[in-house]
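Letters A, B, C and D mark the chains as written, and numbering starts fresh at 1 in each.
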Amino acid sequence: MTTDWQSSPVATDYAVDELMITTLAGLFKNGDQACNGMASFIPVSAFMLARLTHAPDLVWLASAAGLDPRPDRVPASTLEAPLWRDSVMYIEQYGDFWNLALNGRWIQKFCVGAAQLDRYGNANNSVIGDDYDRPQVRLPGTAGLADMGSIGKQLYFWNPNHSPRSLVEKVDFISAAGYLDGGDARERLGLEGGPEVVITNLAVMDFHPVSKQMRLQSVHPGVTVATVQKATGFELLMPEGSVPETAPPTEAQVRLIREVIDPDNMRKRGFRGG
Amino acid sequence: MTTDWQSSPVATDYAVDELMITTLAGLFKNGDQACNGMASFIPVSAFMLARLTHAPDLVWLASAAGLDPRPDRVPASTLEAPLWRDSVMYIEQYGDFWNLALNGRWIQKFCVGAAQLDRYGNANNSVIGDDYDRPQVRLPGTAGLADMGSIGKQLYFWNPNHSPRSLVEKVDFISAAGYLDGGDARERLGLEGGPEVVITNLAVMDFHPVSKQMRLQSVHPGVTVATVQKATGFELLMPEGSVPETAPPTEAQVRLIREVIDPDNMRKRGFRGG
Amino acid sequence: MQEKIATLSEAIELVGDGQVVALQNMATQAAPMALVRELIRQQKRDLALIVLVGGMAVDWLAAAGVIDRLIGAAVSMEQFGLCRQYRYAVEAGRIKVEELSESVLNARLGAGARNLPFLPTRGAIGTDLIARNPDNLKMLDDPFGGHPVLACRALVPDVALVHAHRADRYGNVQYEPTILWPDIGIMPMAAKRVIVTAEEIVDTEILRRNPDRTRLPGFIVDAVVEVPYGAHPTSFFPNYTYDSGFHREWAEAARDRATATAFIDRYVRTPSSQQEYVDAVGDVSELSTIQTAEHSG
Amino acid sequence: MQEKIATLSEAIELVGDGQVVALQNMATQAAPMALVRELIRQQKRDLALIVLVGGMAVDWLAAAGVIDRLIGAAVSMEQFGLCRQYRYAVEAGRIKVEELSESVLNARLGAGARNLPFLPTRGAIGTDLIARNPDNLKMLDDPFGGHPVLACRALVPDVALVHAHRADRYGNVQYEPTILWPDIGIMPMAAKRVIVTAEEIVDTEILRRNPDRTRLPGFIVDAVVEVPYGAHPTSFFPNYTYDSGFHREWAEAARDRATATAFIDRYVRTPSSQQEYVDAVGDVSELSTIQTAEHSG
């Protein structure tokens, strides 16, 4: 654990991917269990950062498969063996992983990207378009996200391209249950957990505790509320009072990300110009 | 494989446990899969004999756990590591074994002892007496037998003490489904397989194809039909024509049992004077 | 990762009277006997015990009056006979038995692990086990029109007790290549708490050499205790075999309540530590098996 | 045990047009690519493909017109992008997708393996996956009064295709210590037939040294073929990593039907053996990874 990360001055030289990583990392508590899926460079960087700073006991199930690994850096794939190097345990998937995952007590937090996310945090990674059998765009598919949305996890969405195409009034297909129609719709199906936070390249959003509508939590330094609203396909709820600015990384955090965690800049993938 | 076992002359010096082993072994086909439970010295000896003689490709899941092991002899326990020595595979139990076992295609034959067995092949290893919560005798329990009786297996019962106490009109408790009330009672529940053969220290029985009542198939050399019937707690069906004698072991089979398979005489356990 | 090192006494203090305790055990194999002895020493009462195939542990707990309910598929010491103290207690009505087949027990524990209300099986259909257990077993129609199944209600042990070859201080638990019975897999996965004894506590670096042999992640484990010969008198291959002499001695003592009590006083209540227990038993080193080539990776 | 040795050609002749084929694969990992190429060479048609996370194999089979249905949780080559030929075929209506979540796919295959009509999950509840798939997914009340579950109908592949580190001539299949995805466990367990390629065929004695690493018993395997680099261009740790250059070359070719066809002609249809394929690819030995200490037992 690097001990100087908290006393380090706020960084002035940082990129938005680094801001997203430090913001996400700040949401992990010591002792949480967290896992990543494929193409998850932002969450993987955030886990590694959290473990190096405030949450050394964050339990990481790399690719949902390798327990507490020690990759020497973020590798080119977050679903290949270099990521789960030096694991303490290989978690067998059909039985053991889903025993742990379906049991609401374990793996509290799941970080994921979504091609579309709507006002109530419903996610779509399946199809764009109205005709499921002849879609405009066939997306990769829901993989484990459809499960994670229904089994008591806190979902942390990350989105490198905040736009009216990715944040939409209503998703074309519900690949993962968010708050459905809002209010107590999840409770009525007996579903615990749900979307917690959305971190984009412009802002951080959460969900109103009663209506379950997406709500602006903070805007990134240099981004206006109007810019965020214009880039969103529905009207965002506003927090009470003024909208705060997302806390920037410290110099130590940026240094850890650039020099220790991800010297190959894998985290830039998926970002425009990245 | 010992090649002289078939041309070997019929043995004159053999014990009833050896006769039961050769009779049981004769029921295994090359390529069958078979498994044993605990305290199963007769079946284990029969598997080993069959593999050394007519069924070298008999697949043996020792204790349902060790695939095709090479114990150097029948050990003192049929549920301990010496039995599954040199296995090709350790079969994980919760998942893999029951995937195989519940799938009717695999593990065709299951050999088991029962404290009580009734006219329709229902088996009891649970309690003797009418009051389940205060039984006259608490038996070990059904273990996997209750499963094997319902999932398409052929059940082979062995019984070293043929008596009216072990072969009863009606079992006190159905620990494993035989033919229930007989006729098509199994089919009505969608159950395939069922009891196939009962080998005791006096005789071999099978089940009538329509009524499903237990039927005498052969009496062991020197045993009369009257003796068998007197030792049975219900009226046995008789085969058409005269009752044949159980084929005795060959000298080569007896030699294999005594010298190679079970030099420590584990097979005698459970027999009177054994 | 958080440290989970405890003493036997501290670990068993996590078990409350009246709780449901899942116990690793297969007849003469691999029971966490040091934890079982500590249950007796701490005079736990009214426990329900879950076993796949229980052995001497069940008999001791029955003789000591620790358990009043057994949920399991069988109880036997195999070649050493029935568990007589258990048997007498059942016959006298002091222990109530919820007998399950193996696939039913697996389904109940599997549902518990997965937070599902039930899992189905096709085993045990047609037996009297179902009518005896209407609260937990129900026939259920297949919604797709096939054969009905037996729905087995979720079973969540309050605590699971297991013994392992090695663990680290964070509770990551590793076994040598061995048969993986459900009692070291689904039982602890289903339980609210997990207590582990291990032949040795090792540095995490040792576990990282063979991540495929780690069976339980530390984050589901509540306490881990180093107990060499922790499974004695049951076997723990490849380290040691079962103690035949000790089993025979108990089987003889168990015929009678007074001799059973004297046996438990001598071997369970009197020794105040694992070392004192091992000293009372005598030379256990002769039980050690030679690690053969096929057992080493 | 019975011998199961076959050639690639003989093995894939066991697959009939229109059948349901389960394929080992995780994005860029561990697909039995030699078998996939043989499916294309033998011009199989109208296959339904089951994948957990399909990668290049799916794209090739889509481009070659072998599959008209996909049952799976995702299709992606991760860092190398979407599978474009597959995507175009779906968008044109030539391939129908039955999308399932991972726990639903596991439940469907698990029910198939266990001869159960269904298995339940609590995953995917609330999603549109359920309404799109009424034949196979139904909400079901808990007979014990708890929350309803999602009943997932049994799925039985006609054949499963897997690649392994080693096998013996009897079809016993062994993996080096590695992550055990469902595609090397429940998929072949559920299938009517199992076809295996292995980096090497070894004597059974070799398997007996590590019985804990044997994943499939020979009696469920129908054919076994020795194919070094049989997973190329996907990774097969610890033996070799994925071929980045080859993946990029395909991702580029897959943008267009003509270039995709030319690619498949060159690398799939023209080579008449695994050796000719490897020669066409170029030097694959540089993909070999150094077996590190933690991978060896």
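Going forward, a contact is a pair of C-beta atoms (placed from the backbone, for glycine too) under 8 Å apart; a residue touches a chain by one contact, two chains touch by 3 or more.
Keep in mind that this is a model prediction, so the values were computed, not measured.
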Inset, instruction - Starting from the Cα centroid of chain A, hunt down the chain whose centroid lies farthest away. - result: B
Inset, instruction - Calculate how many whole Å lie between the centre of chain C and the centre of chain D, each centre taken as the average of the chain's C-alpha atoms. - result: 38
Inset, instruction - Can you check how far apart chain A and chain C are, centre to centre, with Cα atoms defining each centre and the answer in Å? - result: 40
Legend entry - Rounded Å distance, chain A centre to chain D centre (Cα mean): 29
Legend entry - Numbers and ranges of chain C residues touching at least 2 other chains: 110, 114-116, 121-122, 147, 177-178, 185-186, 208, 211-212, 294
Legend entry - Touching two or more other chains - residue numbers and ranges from chain B: 66, 86, 90-91, 94-95, 98, 102, 151
Legend entry - Graph class of chain-chain contacts, one of line, ring, star, complete, other: complete
Inset, instruction - Would you pull the chain C residues touching chain B in the complex into a rising list? - result: 26-29, 53, 72-76, 78-79, 82, 86-87, 90-93, 96-97, 99, 101-104, 106, 110, 121-129, 132, 147-148, 177-182, 185-186, 235, 237-238, 241-242, 244, 289, 292, 294
Legend entry - Contact set on chain B toward chain A in their complex: 94-95
Inset, instruction - Please name which positions on chain D make contact with chain C in the complex. - result: 114-122, 136, 138, 140, 142-144, 146-147, 149, 151, 153-154, 177-178, 208-213, 293-294, 296-297
Legend entry - For the chain C and chain A complex, residues of the former touching the latter: 1-2, 110, 113-116, 168, 172, 185-186, 189, 204, 207-208, 211-212, 214-215, 217-220
Inset, instruction - Sort out for me which residues of chain B touch chain D in the complex. - result: 31, 33, 57, 59, 66-68, 86-91, 95-96, 98-100, 102-104, 106, 151-152
